[in-house]
Amino acid sequence: MLRYAAGRLLAALPVLLIVSLLSFGIVWIVPGDVAAEMAGPTATAEELARLRERLGLTRPWHEQLVGWYGALLQGDLGESILLRQGVAAAIVERLPVTLSLTFTALAIAFVAGTALGTLAAVRAGKAADRAAMGTALIGFSIPDFWLGLVFVYVFAVVLGWLPTGGYVPFATDPLGWARSMLLPAATLALAQMGLFARMTRAAMLEVLQQDYIRTARAKGMPGWIVVGKHALRNALIPVVTVAGIACGVLLGGAVVIESVFSLPGVGRLIVGAIQRRDYPVIQGGLLLTATIFVLVNLVVDLLYATLDPRIRHGRR
Amino acid sequence: MAGADGGAVAPAARRRRPPGALSRLVAHPSFRWGLLLFGAVALCGLLAAWLAPFDPLRNNFRTRFRPPDEVFWFGTDRFGRDILSRTLHGIQVSLRIGLGVAVLTALAGGAIGAVAGFFRRVDGPVMRLMDALMAFPAVLLAIALAAALGPSELNVIVALSIAYVPRAARVMRAGVLVVREFPFVEGARAIGASPARVLLRHVLPNAMAPLVVQQTYVFALAVLAEAVLSFLGVGPPPPTPTLGGIIADGRDFIQEAPWISLTPGVVIALVVLGLNLMGDGLRDALDPRLRTAIR
Amino acid sequence: MLTRRELGLATGATALSGLAKPALAQGARGTVVMAQQAQPPSLDAQVTTAQASRNINLHVYETLFARDEAGNPQPDLAEGVDVSADGLTYRFSLRDARFHNGKRMTSADVRASLQRYGRVGGSAFIMQPVDAMETPDARTLVVRLKQPSPGFIAGISSPRAPCAIIPEEEAGKEASRIEVIGTGPFRFVEYRPDSHVRLTRFPEYVQNSRYQGMDGFAGRKVANIENIMIRFVPEAGARTAGLQTGEMQILEAIAVPAAQRLRNDRNLQMHEMLPWSFQTLILNHVMPPMDNPVFRRALQAALDLEEIMAISTDGLYRMTHGWQHPGTTYFAGDVGRQLYNINNKDRGRALLRESGYRNEEIILLGDSSFSNHQAAIVTAAEQLRGIGVNVRTVITDWPTAFSQRTQRTGWHMWALMMGIEPYEGPYGVVGYFSGHQPAQHQRDEVIEDCQRRLTTSLAEADRKKAVADFQARMYDQAIAIKCGDVGIIQATRANVRDYKPYRIPRMWGISLA
Amino acid sequence: MSLISVRDLSVAFGGTRVLEDVSFDIAEGEVLGVVGESGSGKSMTALAIMGLLPMGGTAAGRIDFEGRDVLALPEREMQRLRGARMAMIFQEPMASLNPVLTVGEQIAEVLRRHRGLDRRAAHAEAIALLKLVEIAAAERRVDEYPHQLSGGMRQRAMIAIALACRPRLLIADEPTTALDATVQAGILDLLRGLRRELGMAVLLITHDLGVVSDICERVVVMYAGRVAETGPAAAIFDGPAHPYTRALLAAIPRLEGPIGALPAIDGVVPAPADFPSGCRFAPRCAHARPACDAAPPPLRALPSGTAAACIRAEEIA
């Protein structure tokens, strides 16, 4: 198992190298620079030139590339021009927000999705199946940020149940954290819930046809154990494999949701950096996000192995 | 199934010779519904020039923020432009983007995937590059690229295509890996056909089905992604009407003028729903094995 | 001629004007949450001209002189200034003030701050005339100028990129590298990017005892609020929602339609500020055919400015031609008025023909970051298309548009809101169209002359004449197009007492019910 | 007094009847063999008894088990019977074991469910059961997953699951078909020994007439969803009365090895939708007469000691 993990990690290294090159490259084709943000709308061209000089934006790109990789090898992602802090620190500071959001959403999507999919599979062809699958389809057909705007209006403004946005750290106020996470996570989860529901249904239908399900029933197991224990554990195997991909999708989706709900997360950091041309943050942020994605997929692989003993024992 | 006697259970209809993919597709209920939904919306978009009651770009500050009435069926925006007309034209632009991305990723991703799957020597490096692209959340990558390339319809297509190419490449590669082991491919090789010919004539046609299915979903994803890009201000530049752009126009007035965002939002949902239903139908008709591998 | 009488000791006048009522130093309590769209690019007040920074920084930092309610300079950290008859020597006497690190402010801190401003300041040009600075004692600073510079006090009192007074130890640091330490009524606590800035009352704040009440950015600042939270909420809808639910008490700006809807909500109060800024269309004179004044006049004649204003401001605007706000010192009256908002398509077409326009592509540059800019460009584009101009609209994000506009090619017309500059007076406005790299990219000798007269004439009448000549030239040559005055609406919860709208939402003087 | 008594059992899927008028009894401790080609309805009969018909299937008739009609029992009651009073093992041991649960867990959950054992006791009992079915190193195997066991061991594990609660009736649906020949014998020996030891009745479904002659006391021969012939094993082998039974026996020169195709008779078992209205074997029967097509012939007791569903049984014999 450990060797397997190490092997996968090693295989990820070239990917990360390419990722870092791409991160750096993107920045170099983006027009405009951070001086525009810093100087303000009515700054004159002269003021701007002075600012650029001071910020070191006039150095040639190869010089900056060498500097960037040099620092990177020492674990230094550089420093944000606008935030008065290191890129790594800026990201680490926001990571709890994005991880809270992503994983709450993942949990909601996974639990609700598999429940919906299981229900649909067990009641295949019946009205409940159609209702569940209809919900799933509609779930990933609605643009999430749009839904977020509607949710804020309904649940925060009209009903007043939940805050309109903002983040409350878990450590300060767990309940406040939950309240601040509910709307954005639910919004973000909806599309992936639909996906999980569809996958679960398909996998479940296949599993329910399997002989071991008949065995379980022949043993006198009640329906909920047959479905919940014997069938679901098998049906979840393919579902879990897409959880890794879903995680990437959620990380991407978090970008917009963080804006809609004013959450100070990594997505908004990077989008803000792109919009304001805070180059070190764009580079470091993209690199780190991609790394997280790679790591999450590694974890999913390991989880997959836990779920399916056949993989764990190197057979199949 | 019912054990050794299972065959006896099957209803008679299923035992007839399986019908062709096309008739299976047409008979598929979700495909029909999807086609109906998507077709209806797409037709509206195609006929926008005739259907739209007003010029989608024409400002009129005397008709700003009109709620839906008999003149402006879906109200007007802050420029006094007719939401119905903008939405109809927006469908056209958004679908063009979606289709553009679907086709471009199919071509690029298909080619990359086919080459990687068929010529094992390049497989490693090519797929590592794809993995790297895939490691960026697609939306984030598209935002960065769209900002880099500058705002235009074409650049949005290019940015989204780059973001979605790895998926297409992976699907194609997986298909090619399976097909290249088929006996007739071995046969073609044995009689000395060139690798390119084997790939193009024998492998590709048989490995296409999953990609076709996949691209339906990519089409849908791209329509959604356009909306996200427009929302974040890196979509096709105003005043071009796009579905996402109209939503973005109305975002600040969700409470005061909900009709601005509501109309295109519903249309996007219908388009994506239709495409997904069509994709499901295609998947079942073209390749039943794909049932579990959605997207 | 500037004298101490003019600039200093204006306490009486302010008190009489009745703008401010005496603020009582009660026990401070409560937390006010203010929401704004953008986050500050820097908390180094000197370096940035961004409104997002100003909203925060002017609670933390103070300047020698500051603008009063009417926009005129008043002593703030200075008790007053003696200006020599030749206009070359400024002797500032400093009032008692304490930095947030506990240190007393001395003339050395002031000198170091002004020197730094000349190096990194957002409007560093205001320090250009300075020849030398001396500190005869801890409470006195003497500034010697190379040549008379009647705009000097206006410059150092401007909130554009405030010439903030910081401790001498910080003044050696690079832009944005300083610790956030000022002398203001509120002390900086923390900055969470994309989330909030937190300020807290500075208990040892030394109030300016020369005043009775608050007055613009000057006056007596009394902090009745213990904590301030400034939240960055990008979505306008979310800010409005937050105000409605009571999560936020003050909005820097609320969308006009939302304000109209909520006008009668008894829990809320809307505060209209008009004029807030100019909406302008900057023209690039080096890109043909924009180099041809006749072509520019065609645009000037054809545009329906009222439509541009109505749409881009969502209805909160005023049709005013002046490049200075009416009622201010340098307002030039009817100069140029007959060329403002002509809105005559036929005349536009005729001028277009006269200019020899041959359907060249005209690029209209806008940005999606400021919705007014975008709306103004989109509306103008539509109008120009109507008279047969071959228009291409380019809407990018702010840095791209901004970087593009500093280029000499690639754009013809660019939408810009000028807020703080007209508020400052004439210097920023005239300066924007003159100098080595004027906004229109082509020096206009008449405007250069106006600029020179404005910045060096010791007589106010001469300076007024310069501004009037500038305005005449702007219209006559269609240098740039002023569309009109833009208003904004600040919003507060009803429990915020004694709130008075100003260029930033001011947290001193207010209290929570 | 029979343990189970099946009377006029019919199973239909929609309008298609796949099983018709099947009747037989099994006494306490008796071994009944059910033989027939694929599609004859053997497995469907077993599943009907267990109450595990595939989706859409409905059963009619009576199945009295220990004095209760299982067809009329609510699902909850059936769950109490299944795995406890009646148990079943299947053809494919690999597919029939849940790949993601340990063997021990799959045995233990039956014990916990029906015998109310706690987790620890159930685990210990699972080991005992694995020993009972003669699995070596049971203590280790109990925590292994099905894919770690050999084919024969898997079927032994299945048997352990089935026997966990000492059922009165064990239904074995082709328990050895999927196994190697060498392993088959071992499994059969085990079954035979356990039956003697535990005194349970067995319903053994098989292709293999050799197995039938080896361990079955009575035999039911099925064809196309109906009983063709039934009787004591000895009588069936000595004097088969139904032409189908005769064909079956003729197809194997020696009384061992599975039935492949039936070289003696052309054709295959018809699909349920195409069942003829008269004797279902008639289209393939060398002795068929027009009268055979009139109606399905009833089972008739014959002097040979068997009962056969053939109107010409006496003539042919």
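Note that the chains are named A, B, C and D in the order they appear, and that numbering of residues resets to 1 at the start of each chain.
Keep this in mind: a contact is a pair of C-beta atoms (placed from the backbone, for glycine too) under 8 Å apart; a residue touches a chain by one contact, two chains touch by 3 or more.
Worth saying up front: this structure is predicted, and the values here are computed from it rather than measured.
Interface comparison, B-C versus A-B: the higher count of C-beta contacts falls to A-B.
Chain centres here are C-alpha means, and the one lying farthest from chain C is D. Taking the mean of each chain's C-alpha atoms as its centre, the chain lying closest to the overall protein C-alpha centroid is A. The mean-CA centres of chain B and chain D are about 52 angstrom from one another, to the nearest whole unit.
Look at where the CA atoms of chain B average out and do the same for chain C: the two points lie 47 Å apart.
Chain C and chain D have centres, each the mean of its CA atoms, that are 92 Å apart.
Computed from the mean C-alpha positions, the centre of chain A lies at a distance of 21 Å from the centre of chain B.
Shown for chain D are the residues that touch two or more other chains, namely 90. Across the assembly, chain B contributes residues 1, 147, 150, 233, 251, 254-255 that each touch 2 or more other chains.
Touching two or more other chains at once are residues 31, 149, 152-153, 157, 259, 275 of chain A. Chain A contributes residues 210-212, 214-223, 225, 229-230, 233-234, 237, 307-310, 313, 315-316 to its touches with chain D in the complex. Those residues of chain C that touch chain B in the shared complex are 235-237, 240-241, 255, 257-258, 260-261, 306-307, 310-311, 314-315, 366, 368-369, 371, 374-375, 378-379, 381-383, 393-397, 400.
For chain B in complex with chain C, the touching residues are 57-59, 61, 64-65, 78-80, 147, 150-151, 233-234, 237-239, 251-257. Interface residues of chain A, counted against chain B in their complex, comprise 14-16, 18-19, 22, 26, 29-31, 137-138, 140-143, 145-146, 149-150, 152-153, 157, 195, 198-199, 202-203, 206, 209, 238, 242, 248-249, 251-253, 255-256, 259, 267, 270-271, 274-275, 282, 286, 289-291, 293-294. By the touch rule above, chain C contacts chain A in their complex via residues 39, 41-43, 47-51, 120, 122-124, 161, 174-177, 191-195, 231-235, 237-238, 241-242, 244-245, 247, 369-370, 396-404, 406, 416-418, 420-421, 428, 431-432, 435-439.
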